[in-house]
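Below are two complexes that have chain A in common, paired first with chain B and then with chain C.
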Partner chain A sequence: MSAGSASATALQLLFAGVGNGAIYALIALGFNVIFKSTGALNFAQGEWVMLGGMIAAAVAAHADVWLGCLVAVVIVAAVGFLSERLIVAPLKRPTPMLITLLSIGLAISTKSVVMLALGKDPAGYPGFSGDAVLSIFGARVPAQTLWIIGITLAFIVMAHAFFERTILGKSLRAVAADREAASLVGINVRHSVMWSFVIGALAGGIAGTIITPLTFTSYDQGGLIGFKGFSAAMLGGIGNLYGALVGGIVLGLLETMAAGYISSHFKDAVAFIVLLTILFALPSGLLGRSEAERV
Partner chain B sequence: MLSRRTAITTLLGAATAGWENIRASAADPIRVGTILSVSGPAAFLGQDMKDGAQLAVDEINDAGGIGGRKIDWIFYDAQSQTQQAIAEARRLLSNDGVDIIVGGGNMSGIALAIAPMAEAAKVPFVSTEGASAIVNPVADHRWTFKSTVDDYLVLQRAADYFDKKGLRKIALLADTSGFGQGAAAQLKIVAKERNLDAINESFAPSDTDLVPQLGRVRDAGAKAILCWTVTPAGVVFLKQAQQLGLDEKLALVHSYGFVTGKYMELAGSAAAKLLLLSQKFVVGDQLPDSDPVKPKIAVLTDSFRRRFNRVPNQFVAQTYDAVYLAKMALSNGGSDREKVRETLENIRDYKCASGIFSFSPEHHSGLAKSNVVLVNWANGRFNLVDYA
Partner chain C sequence: MAEPSDAVDPVSGPITPAANDERPGARIGARPALFLFWLALLAIPLFGANDYVISLGVSFLINLILIASLNVLIGYCGQISLGHAGFYGLGAYSAGILSAKLGVNPWAGLPAACVVSALAALVIGIPALRLKGHYLAMATLGFNAILSVLFDQLVPWTGGPNGLLGVKPLTLGNFALNSQARVFPLIWLCAGLVMLALLNLIQSRIGRAIRAIATSEIAAGSLGIDAFRHKLIVFVLTAGMAGLAGSLYVESNLYASPESFGFSLSILLVAMVALGGWGRYAGAIPGALIYTAAPEVLRTFQDAQLLIFGAGMIAVLLFFPTGLAGAADAVARIWQRSRR
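Up next, the complex of A and B:
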């Protein structure tokens, strides 16, 4: 193997890893937003990714890919909204444990409804630039990977602006920081939970629509991708917006590099061993702060 | 010398067996149990395989059953999970008291788990899954048979093709399921016998990125990639091989587990250069007229289309044939399981839709290498490329 081809291989793996990592980051962001507002882990997050891909594929079979993705993202956001309104909002005492358990039920029913409505066959559609492949310094990168990286970055920048600049975003942060204080100054805490579900679902839906042209999806793919996103969230520090980005990219790169340079037989294992090690050494993740609990 | 207890047990056993025979010989239905996965990752194969079995059972019952006894068909969905399938196999064997099991969850890993249970219960089991280890070594698998071709023979067939094209260095890209790893183990043997330089890479069935594996294969200088999976990851393999430009330089081959039009459509132009190792079913109409399997394929295609309003595939034939193999054995053995087993073992030159079956006490995998051909995907259908 010449030096040129070695660096091309490294670049190839880098793009693949960052592309996968961007998806993990989007899913992790969904986990974090809902965790911040409710203290719960939303296990339906992965199903929303799958739902986005499946709906986009169903629409794109008859219409434009962009239209399919748009419709899918809107529907998934609506599903997030309805999930909160119908399942979380009616709870008298919405404890984190209760919401976490309900989200598992939500995940299973989402999966079943998709199986019954859209079938068991794997689905996919062409990328946003067709099946175009770019050559970048010897590495061959599908245009869709660049779309994924770009859209993820744009979404995170927009999320940042939303939380820093808008009244609604600021009130969400206030609730995340201290529910009681926020409600004392007149912020509707329950509304902020609703918005966090919409944002979480939006992140999941977008992740699903941009990844499906590369990886395909089927009704039962939600669990695993949700788990990877959850790992990314833990790795970056649960509840931290930028932690999601860092955790996602690091996990994606670890997986890909491990498979490329060590052995494909241990691909999943290597990533999770590193994850476990980090969680033992830094339980609050790479960017997380340990919180002092009042007892 | 027989102890008294043994003698009594033997007598009691004989009496019960006699009673069983009297009870069963009436117009009681024959109980055939089937476990397939119509949900979970392997579901897209399961539905076709279930319909194939259903068609065969209904045909047999409409024609008067087996020796005047109707088939009572008991079907369970394994949900692509081995644990689930084990519970269902236990139920078939102890609660339902089936005379034979046909179909092992349409995943090799599941069939591998069911086989020892059937062995222990001394109930014949006709597996419709691929891995050689399901029936080998035969000494430990007296009761287990298989309606598919052995991985070993498929790989030998692939080696024939590589020989023809002068390809020595080949890479196997197998998934981590029983199906994929079964092939990986067999390739070691075949590579030694056929003097191939083989590289082995693997991926998880749910993997969505195979760039690292493909990069390693390319850098190792392989001339052909043999992909062994039944999951959508096989489409990712094709897309990413095209992305890396490997489809132009290397021979890409998929195993018989991937011969479904749905996958080819998903892969689009990435499948243009692909070859698939396949049983003859999908190219039935393109076979030479001298092929004895050709009319069998035509008959099944016709009746399946009339019943289910869609075109059957190789997986339909796999279970359809398995039910007919079971029928042949049951019509001779009835509820005498040992006799059913012996009959299965002595089936010779039985012409079915997926090929010509011959079993023997040394061979519980009924299809020979000659039942495998190479096909490609063009003009919206599979086409015969390499016949023998």
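Up next, the complex of A and C:
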């Protein structure tokens, strides 16, 4: 292999890794928002990603791709809203463990409704620029990868503005910081849980609609991608918005590089071994502060 | 969303339901119903049940070991493991490889499986349990993912995607335990011993300590309870039990394949713990019953069975946050009150 093609391969893997990582970052962000407001691990996060892709594919079969994605994102956000209203809001004692366990039931139900309504076949649709592939310094990069990176960055910037500049965003942060103090200054704590589910589902739905043109999706794909997102959240420091971005991209790169340079059969094993090593060396994650407490 | 008094630390999180069946001195004698249930299970192969019923019985007992051990970790210790299926698989492959590839006497596979799974838990638990929060969930999830890849890819040892073949049956003298009916009594005995061991564990000093830790780690620490050490002991013991379940699985099926031990099984086991009654000793029984019977009972609903299952789980947890065992307690309380 010549030096030129080796660097082109490396660049190609870099783009693929950052693209995958951006998806993990979006999922991790959704995971973090719900974790911050409830203390629970949301097992339904990955199902929302799958749901976004499946709905977009169903609509895009009859209409424009953009319309399909928009409809999908709105429906997934509505599913997040309804899930919270119907399942979390009525709880008398909403302990983190109970919400975590309920989210497993929610994940199973979401998956099976998708299977019944949209079928078992894998679904996909063309990318936002068709199936165009760009050539960047000899590396072949699907245009959709650039869309994924761009949309993820835009979403993170918007999320940043939302949490820093709007009253609702600030109240969500206040509840995450101290639930009792937030309710003492008149913040409706129950509403903030509802909003965190909407934002979490929104992030998942967007991730699903932008990745599906590259990977396709089917009703049983949610669990795996959800766990990658959870891993990214842990890697970045759970509960940390920017940690989600860093954790996602590190995980995406790890996976792609392991597949490209070591073995595609062992890529998950290599990625998780490195991930666990990082986690044990830096328990609060790459960007986490004092979330992880030694006991 | 919570009343101030309900507020919990979002990081250390879980608060176990008040486990009210741990009255001091409540030993086996106080649980005659459970003991009789266990004795009655032995009747399955003795009274000429057909192979189908016997194989369901074997699955039930293996699932019981898995769910009961995970229940102690989740319900009493407040720690979620997403790798219980990994320890189960590690036990199955350890016992299977010893017998099929290394020609070791199959009986050695049972203790070997416990030891291998327990050692793996020790290696993961030491770094993960030193930290508060969801590190054990993350570490066990990663561990399960790594194991799934290894089961699938180490073809010379595991047989890869085709599964591990050539596992030798256990033998007693010249009598080979080479059918589900013949191996049933052994599995029945092991399940009983595991249930007894778990009962002793939760009623022992360690059991009281882990309940104290799950309620308030700070308060427990101020009483001199070493949270890390106690969590580690429980994690290692329960992983060893999952390893035993794995060795029983491989000896009853004489076969193991990678997809039987993926993380989706780990999640389903957590779901069964929740549904049966987390933090209730008897909760593992409805959990294992449902897990074993649901695919058979719901078969007529075909594709809808998953939805019925998921919706049923949500409904049970919404109305009875402590699961079916909690529901049974509530019914029993109403019954007693009405008799007074």
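Here is the rule we go by: the second predicted complex is superposed on the first by the 290 of 295 C-alpha atoms of A that agree within 3 Å, B and C clash if a C-alpha of one lies under 4 Å from a C-alpha of the other, contacts with A are read in each partner's own complex, and residues count from 1 in each chain.
Rule of thumb we're sticking to: contacts are C-beta pairs under 8 Å (C-beta built on N, C-alpha and C of every residue); 3 or more make two chains touch, one makes a residue touch a chain.
From a predicted model like this one, the values you see are computed outputs, not experimental measurements.
Counting the residues of chain A touched by each of chain B and chain C gives the higher count for C.
In the superposed pair of complexes, A:A269 makes contact with chain C only, with no contact to chain B. Contacts of A:S5 after superposition on the shared chain: chain B is touched, whereas chain C is not. Within the superposed three-chain model, A:D131 lies in touch with chain B and out of touch with chain C [touch as defined at top].
Looking at the shared chain after the overlay, A:Q221 reaches chain B, while chain C stays out of its contact range.
Of the two partner chains placed by the overlay, only chain C lies in contact with A:P94; chain B stays clear of it. Applying the stated contact rule after C-alpha superposition, one finds that A:G150 touches neither chain B nor chain C.
Contacts of A:S231 after superposition on the shared chain: chain C is touched, whereas chain B is not.
Of the two partner chains placed by the overlay, chain B and chain C both lie in contact with A:M115. Residues 115, 265, 268 of chain A are contacted both by chain B in one complex and by chain C in the other. The part of chain A that touches chain C in the complex is made up of residues 35-36, 38-41, 43, 87-98, 100-102, 104-113, 115-116, 176, 179-180, 183, 189-190, 193, 223, 227, 230-231, 234, 238, 265-266, 268-269, 272-273, 275-276, 279-280, 283, 291-295.
Residues 38-41, 43-44, 47, 176, 201-204, 206-209, 211-213, 215-216, 219, 232, 235-236, 239, 242-245, 262-263, 266, 268-270 of chain B touch chain A in their complex. Chain contact summary for the complex, chain A toward chain B: residues 1, 5, 9, 12-13, 16, 19-20, 115, 120-124, 126, 131, 133, 140-142, 211, 214-216, 218, 220-221, 224-225, 255-257, 259-260, 264-265, 267-268.
Those residues of chain C that touch chain A in the complex are listed here as 1-2, 4, 6-16, 74, 78, 80, 127-128, 130-135, 137-139, 141-143, 145-146, 148-150, 152-153, 217, 221, 227-228, 263-264, 267, 270-271, 274, 278, 303-304, 306-307, 309-311, 313-314, 317-318, 321.
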